Amino acid sequence: MKKILAYLSPEKYASLFDLIVGHDAGADVIVPYCNITPEDVRDMVHSCIFTRHPDDLKNTAIFIGGHDVNLGEQMLDKAVEAFNELPDFFRVSVAVDPDGAYTTACGCAVKVKKAMEGNLQGKKAVILAGTGPVGQRVAVLLTKEGCDVTLTSRKKGRAEQICALMKEKYGADVKPMEVADDASTEKVVSDKDIVIATGPEGIQVLSKSIWSKFPQLKVLADVNAVPPAGIEGVGIQDDCKELEGRVAIGALAIGSLKMKVHLKLVEKLFEDNKTIFDLEEVYAIANEMA
Amino acid sequence: MKKILAYLSPEKYASLFDLIVGHDAGADVIVPYCNITPEDVRDMVHSCIFTRHPDDLKNTAIFIGGHDVNLGEQMLDKAVEAFNELPDFFRVSVAVDPDGAYTTACGCAVKVKKAMEGNLQGKKAVILAGTGPVGQRVAVLLTKEGCDVTLTSRKKGRAEQICALMKEKYGADVKPMEVADDASTEKVVSDKDIVIATGPEGIQVLSKSIWSKFPQLKVLADVNAVPPAGIEGVGIQDDCKELEGRVAIGALAIGSLKMKVHLKLVEKLFEDNKTIFDLEEVYAIANEMA
Amino acid sequence: MKKILAYLSPEKYASLFDLIVGHDAGADVIVPYCNITPEDVRDMVHSCIFTRHPDDLKNTAIFIGGHDVNLGEQMLDKAVEAFNELPDFFRVSVAVDPDGAYTTACGCAVKVKKAMEGNLQGKKAVILAGTGPVGQRVAVLLTKEGCDVTLTSRKKGRAEQICALMKEKYGADVKPMEVADDASTEKVVSDKDIVIATGPEGIQVLSKSIWSKFPQLKVLADVNAVPPAGIEGVGIQDDCKELEGRVAIGALAIGSLKMKVHLKLVEKLFEDNKTIFDLEEVYAIANEMA
């Protein structure tokens, strides 16, 4: 029986990246559905669960992609609602990973944990330019690992809004902070163990002249793959590499783990018919793959 | 050589249900075309027949889906027109089954026939709330089996319009009747052997207090799978089950045969390159699968 | 590892013809992307090259289809630009063949060359009604083979515009000429060795009463498959057939070679990860297949 993956996206096009990874992970058939709204999800769920015998439903799965992770999570919620109206053998497994936000955030958090020798309890971390989908979810994951996490934005209101959303969605206490210049950057990193840069491509958010002033900074992680680096001095291939007494983690090291997690995630979709791959489940995969 | 199914639909999305069934029936590749109009069909037919050698054309087929069975039949007509312009080895097989109307109607008619021990000649049947695609085609099939068929609607004009359409399309003589309350329901079932309910999901169209008054009623069939039942007392799993002296047929019993017919239909599309699976052909499959 | 073909088209629908040929040529998965603009191409290229290891990239390829060959070539240029921003192992092979323009033009030119016993150097050729995508590219190919080529249109300005475009794109010197009636048709064929008709379906562009006046005319080639023939007297199945002292080449003979070239082209897309199948590369394939 063929492994069929329904790929749901609110965008105009299905991500070719996701489709290729889906095939490489073992899906036999991927059916892309674009321009999908949360309201369309219930019908898709019904089409999945009413076509094959419940014993065979592990061969059907749903992957929610697109660009907007919060919209993706709304679609996931709709799928869960549709399952909950029915007997519990009418299920298929579902993953959500718009723009790779879950897999990248999990890859990043796992690398940071490794750089801290597996112990994040009580550490102080800051996510610079952290209001994007990856930064948001790295903040949540580090909070759950026991870190004291601050998330920055150039706009205080934006940072506050995101922290409130993370509290609401995940119960995570993340501290918002406005960081818009060198003085505020210096202030926010001055007492941290970990700095993670999740800003847009090609924008430096932390200069070496700043981070080199603070010897307590142990980990410098950067998800930006397009030069210049988000954190000056971090190479994109650095994989927990020593950098003047710190541990540097570059975008390709995170990306390489992200890719392994993404592949494993699709594989696992077809292992049973009942797993909802929320952030916690994907983080468990990332820990397993590291 | 791969079995390639071109799936044509006038809707925004291809039915994921149909695509999964198509793969389970042995299609290697299904290419969904959405927002298709009858005018697009000729080009699709040409693409099918001019790419492979005529000897190989049994490996290419067309399935017309969507929600609107009459529009689907128009698309089928356009395919036949396109074939007729060309030498007769330039053919591919074509099926039409919007919203499962053909396969469900055939499944229902076959179950009713079985409940009547294979003999429908001269029997009186009524299709309650029969103006939908399934009700329309059940009416045609029972007429061809020799039944005297009445089709009801809450609006007389609607019932008359549908009966005229069935006469025009299939040459079937079906009697229209307005049934909008208990009195008219009682009247219409009072002399029937068979009642079939094809109303919308979750609407009861015949109460037990009515049908239990009429001992001549032998078969109670209901295509509605969402509670409450269309015919009070009929269970969705009832498969020609005895119910106070009658034979009850529920939606899952019909649906289970429908699924077998649907799978077989797609399989048969790839057996030769020249079959048009009209209602009669699909009914033959349903009789074979029962 | 599956051979994945990304099929990019600016049209509303992917060509079912191209998809079937793609599968028959050995692609395991074809992902159609419609309504694509040149601006979308960079992202598609990135999705292709960042998902698989560079050693595996020969299993991913791009095919640009649609109806507009000049727009297709713009999309190809965008793909090449995207490759050029990156290290040279980040490549996938790319073909462009909107409405079969490349493969048909190459098939036609190869047949004409064969009819001239392999020697086109210094020969005089006219492409009648040559402003369409096939006519344009046949003109370029014959020019490169050393022919002196004239391209006609009913409108002088249109012929001039196309010849200027062929000069700009391919460096080909093609002579424009207005041919709108029997007198001008007679004039243009009066000193030619080769006449090729690439007008629209079902329109005769050269009558027998005209071509029979000119004994120096050696080759009569016609790409029109719908009666009446573009050149009176040429049968659609004529494959370098003797016709009153001339060599006749009909649309099916060209089309049959076109199909072989098309299949081989897709096969070759998966032989390495670095070939751009421009007109010259496709012509090399056509010569090899003949």
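Letters A, B and C mark the chains in the order given here, with residues in each chain numbered from 1 onward.
Note that a contact is a pair of C-beta atoms (placed from the backbone, for glycine too) under 8 Å apart; a residue touches a chain by one contact, two chains touch by 3 or more.
Treat the numbers as computed from the prediction; the structure is a model and nothing was measured.
In the Cα superposition of subunit A onto subunit B, the rotation angle, rounded to steps of 5, is 120 degrees.
Counting every residue number used by either copy at the subunit B-subunit C contact, under half are found in both chains. The centroid of the Cα atoms in subunit B and the matching centroid in subunit C are 46 Å apart. Residues of subunit A in contact with at least two other chains: none. Residue ranges on subunit A touching subunit B, taken from their complex, read 1-2, 4, 6, 29, 31, 33, 35, 40, 43-44, 46-48, 50-52, 60.
By the touch criterion stated above, subunit C contacts subunit B in their complex at residues 12-17, 19-21, 23-24, 30, 32, 259.
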